[in-house]
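The following pair of complexes shares a single chain, chain A, combined with chain B in the former and chain C in the latter.
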Partner chain A sequence: MMGNKEQLLRDIGIVDFVVTELTLYLDTHPHDRNAMEYFNHYNRMKNQMEREFSQKYYPLSTRLEDCGNEWRWGAAPLPWEGACE
Partner chain B sequence: MWSYDKRLQFPVNIKEPNAKLAQVIISQYGGPDGEMGASMRYLSQRYAMPYREVAGVLTDIGTEELAHLEMVATIVHQLTRNLSMEEIEKSGFANYYVDHTVGIWPQAAGGVPFNACEFQSKGDIITDLMEDMAAEQKARTTYDNILRLVDDPDVCEPIKFLRMREVVHFQRFGEALRITTDKLNSKNFYAFNPGFDCDECSGKN
Partner chain C sequence: MQDYSCDDQIAKFPVAMAYVPWQKFDRMYDDLEKAYCYGTVFPELNKPFTGRRCV
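And now, the complex of A and B:
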């Protein structure tokens, strides 16, 4: 069973993939308004989920290190540890 | 500049070490069609690109390749975690082990070190974009070859993801080439280097 932390991290990966894919698509189709709407929607969702993850668990980037006077970045798990299962 | 996110682009959670497989997968780290060559190729080619939107494609795909580089390293790292000396000797991993223990170092499956000669930055954007499309196909073939050697689903899934991205990047580079050639005008019928030869031929005013 995956815990809430693992599930949220996995969901961030899924939403981030949508944003990555739309970024490349919009690079070569900058006038596609539907794609632009999708991009805005999922990009907002991603930012919100990353903020939530950072507040509850640990910051995924130093941009999100804003939760007080303790430096949490260094102690955060490394991506190659296989933190997801 | 860049910023770093402490997570992988696609999850990698390998439970069973397999040093034999690690030795072939490391080719996508530092081999002739690997992710190190891919990221350095696109990120280096950007400076000769006169069209901002196409330089954007090179930046964004080059950036994604750095995330793929980290995924491949993670796969190799997890496949070589907790290996016994007996496994190292039996699997043929001893040749790598003697120089790098189980650290990650960019080399091809055959042991050839990473070399910048595996990619070009020709300073001619049409030449470069043609290379980029070929590079995506070569990397896709390598992932196909790897997939024929793998039966562990923990390894298969991230490799399938990486393979799929090569296909998408090939498509985007094809569009980038079309955008570039659309900007050439009738004075540049033979597609001379639009980033170097003259502003008249580049479609830039």
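And now, the complex of A and C:
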């Protein structure tokens, strides 16, 4: 599922959607082991993809900012500046 | 949609109340891109409105 920036951003959005769906199911079925395994799998995948994106391009949230010597969060393109085409 | 009218279980329930069967998860869509477009990862919740009734 990896690719250029737009593709990776879209894939992160899809995996984030899957994690949200499983979260909603687990909210009402907290003991469903099968769903928990799916959740753990896709949640790890999402975190890994977000880390990769922030290393390659820019952090998607301050949680992912590990600014060595540059405040990259501040340099990320802003939605109202066309970053969300 | 299944017809529960002749099911004796449902007969014990008070009338004029809504009952939602409990979702039982067994599998997700394999193609996540398609699930994203459907708006759900659960096949059992994929009920597109067809203008007259749900599928």
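The criterion applied here is as follows: the second predicted complex is superposed on the first by the 74 of 85 C-alpha atoms of A that agree within 3 Å, B and C clash if a C-alpha of one lies under 4 Å from a C-alpha of the other, contacts with A are read in each partner's own complex, and residues count from 1 in each chain.
Basically, contacts are C-beta pairs under 8 Å (C-beta built on N, C-alpha and C of every residue); 3 or more make two chains touch, one makes a residue touch a chain.
All of these numbers come straight from a predicted model, not from anything done at the bench.
In the superposed pair of complexes, A:Met45 makes contact with neither chain B nor chain C. Using the contact criterion defined above for the overlaid structures, shared-chain residue A:Leu8 touches neither chain B nor chain C, since it reaches no partner.
Within the superposed three-chain model, A:Ala35 lies in touch with chain C and out of touch with chain B [touch as defined at top]. Once the two complexes are laid over each other on the shared chain, residue contacts for A:Leu60 go to chain B alone; chain C is not touched. By the touch criterion stated above, A:Leu22 is placed in contact with chain C alone, chain B being left untouched.
Looking at the superposition, the partner that touches the larger set of chain A residues, chain B or chain C, turns out to be B.
On chain A, the surface patch touched by chain B in one complex and by chain C in the other comprises residues 13, 17, 21, 25, 28-29. Put simply, chain C touches chain A in their complex at residues 23, 25-26, 28, 32-33, 35-36, 40-42. Those residues of chain A lying in contact with chain C across their complex are 13-15, 17-18, 21-22, 25, 28-29, 32, 34-35, 38. By the touch criterion stated above, chain A contacts chain B in their complex at residues 9-10, 12-13, 16-17, 20-21, 23-25, 27-30, 58-63, 73, 76-80, 82, 84-85. By the touch criterion stated above, chain B contacts chain A in their complex at residues 3-14, 53, 56-57, 60-61, 64, 70, 73-74, 77-78, 168-169, 172, 175-176, 179.
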